[in-house]
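These are the structures, in structure tokens.
Here chain A shows up in two complexes: once beside chain B, once beside chain C.
Let's turn to the complex of A and B:
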């Protein structure tokens, strides 16, 4: 993988992303053409009159705009977190879902809905529980010695995940069946249908807060993928760096889960494809994962609201798309890792 | 520069591996550590690198305790070549060597053009320039070993600790690695290595340390240390040490297994 491939890959991904955004606005019940979108945004920027139907403005600014922005943000965050987790746990098969972060964040967020808290509190609870879940998985995996560490990590994730699943089930059982239960159920399926401008604005800083340390530490994150003692012999304080990166990736995942529900597979599949495109160096892997993740979720979300008469839950669709991709990469790409 | 173990006890909190080891290494010197499987060579090395805490005694670099130095400071003084291993992600050889520059970078920095030049210089010194763009996970064991030595060179430390650098290599690659160790020492770098082959100590070492059951059994010049008696004591086998002409007027001792293996009688 030479560095010359990076600009080409990034440019291609950016172009595809812009195209997807245009398509996302152009399809659905109130299609907005790329031209209308451009003149509306230009008018908003310059303060001039756009002379378009006010319905279009409402659709763009209040409904589809936030939804598109949320899809981009969440896809990017889940893919970035997945890339970081994969490097850190030295394994291309781990992801926020497998490590129990998503399940933990889901418990926190469901608890927030159950207690009728506001968005900020729901996000805080999601973060706290997500962090607790990944911590529990990591500690459990470290405590069990003498087995294949990866196997133990994945098993610990499955076990902790099922415990958290039981917690969610308990809260669903206790929830008010007319108001809270449907809200929790739809939310757990994963959806961006109710993404509001406030959701986007409250999540954006959290995403950036997670992304900035990841970008700053990008070179050291490469070394976290080495054997721990080897990385320390090369001068890296692995314990501290790992803690910061885990906190950052968990923050991004939890913030995403708090507004969209559990959307699986992105953190697993996207970083792997990014690695195939630009190689494992995190300074290239991170931007590529972000672009691909944003594009993937926007594409899937656009499908989710257009292919059928009713909206298909996002989590369902990413699983339908992600599972075959995952099986395919399991079957074909293992050679490249070892 | 000087790396020194002072009455060092090493191992883990619940399992002491060795104790009372005192040895030191100057820059420019090759010290070869011999010892049977399980004698604690790797644990001793990891303790001398500060990767495991000393259980007693101390590790000193230029008379300053390792524990009082930060991780990246230690890495600028002493580098480590682990046994050639499988990597987890398909980094290129150049990227792997570039990781050796990390101790010279700020926490938030990425390698600069100068770091890249240092990495490429280390790569060409190990004569693996043709592999620079190859993927580390797809090259041979010998090539990986040379890559890891190049990474230690890029780290720019005066002392390199190598854990069995010739293990799992074919004959040609073993000789190549030993030649590189000699030339490193000539350029003023101290090399502390472990090996299973006493002949390797005769080829490249200035001094030999023998580790037996976690204790330092012998320490001294190769020809005084590696004798049939010490080899019997350490490894429990009969070995003859004979001098062989290896060039114009140059002789070198060679170890030949004897005893039950001696076979053909006259």
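Let's turn to the complex of A and C:
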């Protein structure tokens, strides 16, 4: 694929994503016919009366709509953060969790559930603890001099992450087994089942705040994959760019995890998919990862709410659906992805 | 309009015909009062449980659980079953109240939360009666519950402190999970004025303990709801040495169609309380349990158990009359 053909491919991918959105709106355990869906959307656009069963409007606008939007946003955010991190750490095994954001968010959310706080407080705690965990890792790593800064950063992330994991385990052990423990377990598996319109509106600005700087700095982020010395020779201040990437990725991931719970697989594997398709150039990798991440999570979440009478946790389904897809792609791809 | 246990104001529609119970305790509560208005269960029925209730009730669909974050129920499945009221029964906390608000706002279906505290069971029964428009049945059931509990309490009150047994409640397949003081799982021991040996470890929920610790506590009576533990403890080299188990003071609580002493914490615990009272204080509760169980099952589960079923329920682990 050449650079000139990329916009066309991107347009195609966007069209496919829109089609997927349409499918996601049309399917579900509550039967809504395509005709009803069309007349409902038409009525919403024109402000006319649709004369349908009000439950249909509830299902489409308040239950499916927010879920579709949240899946798109969170999938895009996790994949973008993963792509940026893999580029920056020059390591394909890195995921957005590497600096402890998910572990931090998990501690925040579990603490909120443990203290029986309301949902808004649980989400806010998750978001704040996610940011705080990465902040702690960053400050610790910065205080250590004389070693490879990336290595120190990853090491600090792993160590802080395991400490936070221990905090989660302790609170699970002490939690009330009737109400809190199942809530904690489900939270750690990730789900969009309770995504509300408010969740989407509160997350959207945070996601944009993370995505926009990444997009603006895409060329420089590309250079992060070089050695520090090489990058400096090209006039790029790696330390500062690194800080921006970490801040942006953390903001997005933390906001995503706060409303969906922990969804691990996407940030790790979707960037590989994207690299198999368009190669390692970050200016192409970023939009591809965003589209693939959004589409993948939307697809998986649609399955999660349609295949069985009860909800299937996203953390389970992403791995079950994603792994065979990825192995197949790995076996058939001709392009080197590293 | 009702004000529920979480101080939420909930409008009751004029006609409530289809009730969705958001969790297992609520299912049993609604089933006991208005079985024909219950639209489904939160989990599938096991083969051993089905014979204890009428087929048409056991055949109701499984809709999943909606309480707590990360519910298993699919909201669209619940909506498709067209409930006109959602009832939850159990612990009331700001987390659960805000989730109820969310579900109510998203679905437009009124959602009421009732306090699952054992001492407020009568209140919850009357609440469901009012919602389901089954006030007569609810009043009779509430009266029955109140009378049974106060009868037990009066008799227990006369038992001198020296005759109150020390009880260990073993949960899980290994029997090493137990409830601390104040935990809802071990509440039944305190309700009966007996001593929960684990209470000396403090207040809280469920904890994991060691066999050594249980040997040190040396309870007079061991109770469990786990058939695996019941089988294991009688052959296990350390458990077997526990004096209570050696002496046969080891009891497996019946658990069909619903557990008798622990979960889910709902009206099913009424019969378990009476069963355990007889085990702990055989002199104060000399009556045969069979008619009492028969009466409870017909009132709450709407089907009188057969003699064979009573044998199964009150099997080898209950002392004969």
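The rule is simple: the second predicted complex is superposed on the first by the 247 of 338 C-alpha atoms of A that agree within 3 Å, B and C clash if a C-alpha of one lies under 4 Å from a C-alpha of the other, contacts with A are read in each partner's own complex, and residues count from 1 in each chain.
Definition applied: a residue touches a chain if its C-beta (ideal position, glycine included) is under 8 Å from a C-beta of that chain, and two chains touch if they have at least 3 such contacts.
Predicted model, so just to flag it, every value in this text is computed and none were measured.
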item	value
Partner chain(s) touched by A:218 [first = chain B, second = chain C, both, neither]	first
First, second, both or neither for A:175, with chain B first and chain C second	second
Comparing the two partners chain B and chain C, which touches a greater set of residues in chain A	C
Chain B versus chain C as contact partner of A:30, first or second or both or neither	second
Chain B-facing residues of chain A, complex	1-2, 87, 90-92, 216-220, 222-223, 225-227, 229-230, 232-237, 241, 275, 279-281, 283, 336-338
Complex contact set, residues of chain B against chain A	46, 49, 51, 70-76, 79-80, 82, 85-92, 95, 99-100, 102-103, 105, 107-111, 133, 135, 137, 151, 155
Residues of chain A that touch chain C when the two form their complex	28-31, 54-55, 58-59, 62-64, 112-113, 116-122, 173-179, 182-183, 185-187, 189, 191, 193-194, 196, 261, 305, 308-311, 313
In the complex, chain C residues that touch chain A	61-64, 67-77, 79-80, 82, 90-91, 93-99, 102-103, 105-108, 183-185, 204-206, 208, 263, 265
